[in-house]
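Presented sequentially are two complexes of chain A, the first with chain B as partner and the second with chain C.
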Partner chain A sequence: MTTVPISSTDKETSFLARLWSPRNRYYFIAFLFIFPALINFSIFRYLPIFAAARSSLWQYSLLGGYRDFIGLQHYENMMIDPYFWKSMKVTALFVLMKVPIQVVLSLVFAILLQKETKTSAVVRSAIFTPVVTSVVVVSIIWAMMYHSQLGLINSMLSAFGIPRQIFLSDPDRALPAMTAMMVWKDLGFSMIIIMAGLKGIPTVYREAAIVDGAKPWQIMRHITLPLLKRVLMFVVVTQTIFSFQNFVPVYVMTKGGPMDATKVIVYYIYQFGFLFQDMGYASAMSIVTLLILLVVSMIQMRLFRTDVEY
Partner chain B sequence: MKQFRLIVSGLIMASLLLGACQPEVVEVIKEVPVEKIVEVEKIVEVDSNAQSLDADPDKNPVTLKFLALSDDDQLNAWREQLAEFQKIDGGKWSYVDLEFETIPFRELFPKIEASVAAGLPWDLYQADGPDMKHYGFNRVIFDMNDLFTAEEKAQWFPQSVEEGSFRGRLLGPPILQSCSLMMYNKDMTDAAGINPPAALADSWTMDEAMDAWVKTTLDNDGDGVPDQWGVRWGQGTWTGDYEAGIFRRSNGVKGSDTWKGMGDDGVTFRGFVDSDESVEAHQFYQDMHQKQKVTPVEAIPEIFESRISAFMITPDNRIGALNRIHGEGNFNWGVTGIPYFKTQVCHTGSWHYGISPNTENLAEAVAFVKYASSDDGARIFYKYVRQLPANIGLFNELPEYAEGGSQRLWLDAMNDFGIPRIGTPGYTEYQQMMSEALQNIQAGGDIPEILGATAGRIEGLVAKYTGWNN
Partner chain C sequence: MENTNTNINIVAGPPKSVSQKLKDLGLYIGEHFLYLILVIVFIAPLVWMVLGSLREEKEIFANLYPFTIHTFLPIKWTINTYLDMFGISEVGIMYGLEFQKFMANSLFVSVCVVSCSLIFNTMGAYFFARLDFPFKNFLLIFVVATMLIPFQATIVPLYIVVKDLGMNNSFWGLIIPWFASPFVIFALAQFIKEIPKELDEAATIDGASLWGILWNVIIPNAIPGIITMALLEFQFIWNLFYWPLIVINSPDLQMIQVAIANQTTQTQIFWGRTFAGSTLASLPVIIVFLALQKWYIQGVATTGLKG
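Now for the complex of A and B:
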């Protein structure tokens, strides 16, 4: 057997062939598909996050620009800022009230309305309409509805002989009132996602359970819910993130009051960034909020992890 | 998961490293060189010999972008001013046009700041008097001090010049002035047998006013909710310092800490905002909402204009609104002095023309502002807005401000006891905090605790301006 020496040209050809292998071609094409999204994320998501992280280490305001480098001073101040913690508490309360109520209601409506009938189509549309309505408009209308003197809700209460109630100016009722509005606003979004998830579950499992004599509640508990886990995870994680970012209703309806009862963290950040000329501190709070959201999302994803495939 | 943690840690470390690097200093302030100001001064000098057609034959059209409040009356006034401006000096400025972006009052301040910081090429903006010192401190406004002679500055109320100045330099001339008094619905006061005093010297104290408000608060159908309220303290539906701040300052004798409202250094608020007199005044304010219930806890839009409230604390701009809504003279109104505790006080409130440092049309912007703030411009503005002009000279030609005129009381109040709101670059921080405090007091909160906490918070927020007036 004789050995044929490999020329440098052959080596290059072989390297190029390996580089352009079917596997690498597959990755290259896949990369091309995600490239525009990567550009979008880099410019509009990651760069601002890096910029905020940098700003949080400086004395920085929109008008005054960067002044002194202060390291972690803003973060230290945040630890002893009672209003920051109160805002975090209000935000957490809002999320804890809104997300579970919304998910449970969405699930109930999705199950009730999944059958294709004319009535269910109308009701589905009615529930989904608020999703595509401007949150500013919705907030203004609900603020009018909640008004203690002029509001529709109080007119209805009066018609039943119930005394007029103060909603948005009462520290104990303002946040629940806003939560109710936001559940109404976002219900359609999560309902549609869950409905799509329900339709994706093969009917064979349900039919087999019925043959085995399972009751509806048992089917729900042992078949539907486990197979919906991934969809529910998506709904819970996205709704938690959206709820953490709640701003417009607070800005329009209460300005964070009364007694700071609705001052959610994003509104507090807005005040410092745009009204109090302290974008550095606002950036630091934004970074902490981002990290909290990352941790919460990771916990939620772990809780909803499932090995069930279908 | 391990990879994810590594990536997140890496990103955080990278941001910290990047953050430690010297960032590029944001150059938001355009320093206008002295030569440019001199050049502008020459350009805007009145050239009465110029001819309309051949003055500037090669000038390209210039559109001045104007950030202003959403107010149709004002916009119509500026449109007419523009039409006249294009004719002056033989048509020298006929190539200049205005383009407005209008926004609600509460969005104006952050919008101006964000626009200037982003370097947007705004030419003009409408600036609230108390914010002028903030704009001056941050140099987000073109300094117009040298473009007006002492004689020209004397054409306006001294309060207007003070509000539009920073460190003794006039940043922007006034658009108009204001001073709040108590207007009332004559039909309602007559029905209640009340005859409010006509002279400022006889104005009601707060307690006397409360009697009138209680008498005019009526629950005709007995459902526990008044069909007619006694009073609305302030314009709009929020608790701004312009009217609500009067409560506190009125309960101090002239020159006292409570009356001054703030320390001389412009950053001290403890002992001023939360003094015993301030607590007492705010107790009265809370009682109006919670105890006597002469005013609704949740403000009702246009409550006075809709004939749901008997009294309203407001400047004379309400007259224009009443005429627009009900027709000229169809609303039977009267005006009396503003109620007080120890000292009669009305906050003066002038709006000002501001020229953005980002303007690319400085000569045109300056020329327009000079015209708009002149007696000729102010006359047009008054025609539409019907509010106390800042130009003193106009009072000689407006019969409503003459002795015995229907709006004379506002002018007298302005001259007798009108004082500017507190002057500090931290006015926005102060006003925001005070507004929240008043909202909480209305809702029934503990007054000493709220005011004490508010004073402390304001001091924390405005500490960055320490030494601003040295």
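Now for the complex of A and C:
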């Protein structure tokens, strides 16, 4: 560059001029529109995963900071940690109870309430109200309803002559009780999505089937359900992912008890990171949970893949 | 019901037999009975909460058995519990309650997030819906993939990042991580795509810049979508629990959901106050939802289906 200064500056100006061409200027300005969002996603969505992957290889706590590099030790410990496996089992059980019940009920209610009448609109709003209520409030109120002495549910049962029941402090009943509550809370959400899916099915198919003399359940089985497959897939996948990360009800209602019967994986991660001060192990478990969720959602998308287009 | 017999001759169309009519009536009654049960099941817990906050605490327990209308309905209505919660009454001052502080914190954080998020997400949505860019598809995948990252499961790692940035225990830590959302960008991009392109082109001929088009053409036409997204975002932030629980240490900065949860984990639980706190923490969002229900449900349906 120093040997031929004059020609090089010439070249540089022409290069700069090309770089600042109207088209590139447009691209630059266009990029400014997406730039803030990209910064946010890079720092607060992607970077945490790398940070977790890194700290999962160290002995790391919030108070002590990074100590020794221990490689995959956390992951090896996890494999032989009975509480980790127990929490995975509890989480899986919760998802397997909640998602099928919720999807079936919301499908039934969506079909029942899709009529455009005033009454069905009122019922729809009622079912949707728990969705907008905070999960903290729902957990608090249901914990009070489940209360063995002062709870509303036991008061109602007494009207039918049924003796007082224990819900949340019984290891066999705590998780089903929590599942019932979360189905109650999330049902409206999946119902609305399935309803939008039902509206998206062209009426010609149903009309043609009626002309051909098909019975209502035949129309359901051979027309509505197959065409609804994509929407149902979406609901099952998102609800599985949401439910797998259940945390707030456990924190508010049971703290993981009784006898770890409700200690789901995200609560176990929270305990290690913030109560037992072991961020390294908590990060390693977060990474494993992340991988499990990715695999589960990929399998589900494969299973529900549909060839029906409309 | 008495009309069943007299109507037979008036009804137009093929005359129905009495047994058919009885069957219809049975179906009608069955259906509405089911509706009634559903409304009770989904509303009763919330009604119990709101009405329970409007009575003396002893009254809640005194009317629990036997189960009557007064298990729900107060005999003596009072707002004393709310005066306690706001630290206006003697009891409230004695316990040092000042619930309005947590509500103000939540409101402040929600308003900040919603306004930032509307600015940056609308810009992002405009970019994906309308603008030309060499690596646009790559950027789209970059944005869509963030939706696959499970939120609660990555809270601990997010905390590590936010702490390294020195934003923990401050409003910054509550606001900054949420100023952009892949779901909102996506839903708004769908809304913007439905605006006729001719409007942009006309503005371009008139010499409008990209910012000018966004401000004068796109935003006025996308208002319904923007309001829907603002509602969903407000609900998301107002109801946030896990994130403020770990990122905020000082009680003065705490958000309302954590405040009511802390109240119930104390050694002595006051049912009346818990009812009142829960009502304060949930009623703002429920009222906004009931008032703007149509847009709200539309928003859920679009983000749900297309997101």
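General remarks:
Methods note: the second predicted complex is superposed on the first by the 270 of 310 C-alpha atoms of A that agree within 3 Å, B and C clash if a C-alpha of one lies under 4 Å from a C-alpha of the other, contacts with A are read in each partner's own complex, and residues count from 1 in each chain.
The criterion applied here is as follows: a residue touches a chain if its C-beta (ideal position, glycine included) is under 8 Å from a C-beta of that chain, and two chains touch if they have at least 3 such contacts.
Only a predicted model underlies this, so the values are computations on that prediction, with no experimental measurement involved.
Once the two complexes are overlaid on the shared chain, A:Q271 sits against chain B while remaining clear of chain C.
Shared-chain residue A:L150: touches chain B and chain C both. In the overlay built on the shared chain, the residue A:M259 is in contact with chain B alone; chain C does not reach it. Judged by the touch definition given at the top, the superposed model places A:F31 against chain C, while chain B stays out of reach. Looking at the shared chain after the overlay, A:L294 reaches both chain B and chain C. Within the superposed three-chain model, A:S158 lies in touch with chain B and with chain C [touch as defined at top]. Annotation for chain A, partner touching more residues between chain B and chain C: C. Of the two partner chains placed around the shared chain by superposition, neither chain B nor chain C is touched by A:Y205.
Within the superposed three-chain model, A:L57 lies in touch with chain B and out of touch with chain C [touch as defined at top].
In the superposition on chain A, A:P171 makes contact with chain B only, not with chain C. Residues 49, 55, 62, 150, 158, 274, 294 of chain A lie at the contact with chain B in one complex and at the contact with chain C in the other. Partner chain A is touched in their complex by these residues of chain B: 8, 12, 14-16, 18-29, 109-110, 113-114, 116-117, 138-140, 223-225, 238, 296-298, 300, 428-429, 432, 435-436, 439-440, 442-443, 445, 457, 461, 464.
Considering their complex, residues 49-50, 53-58, 61-66, 69, 71, 83, 147-150, 158, 163-164, 166, 168-171, 255-260, 271, 274-278, 294 of chain A touch chain B. Every residue of chain C that touches chain A in the complex is listed here, in rising order: 32, 34-35, 38-39, 41-46, 48-49, 60-61, 64-67, 71, 120-121, 123-124, 126-128, 131-134, 139, 142-143, 146, 148-165, 176-180, 182, 185, 209-210, 214, 235, 238-239, 241-242, 245-246, 257-258, 260-261, 264-265, 271, 274, 278, 281-282, 285-286, 289-290, 293, 296-297, 300-302, 304-305. Residue ranges on chain A touching chain C, taken from their complex, read 26-27, 29-31, 33-34, 36-38, 40-41, 43-49, 51-52, 55, 62, 109, 112, 119-120, 122-123, 125-130, 132-138, 140-145, 150, 152, 155-156, 158-159, 184, 188-189, 192-193, 195-197, 200, 231, 234, 238, 241, 244-248, 251-252, 265-266, 269-270, 273-274, 279, 282-283, 286, 289-290, 293-294, 297.
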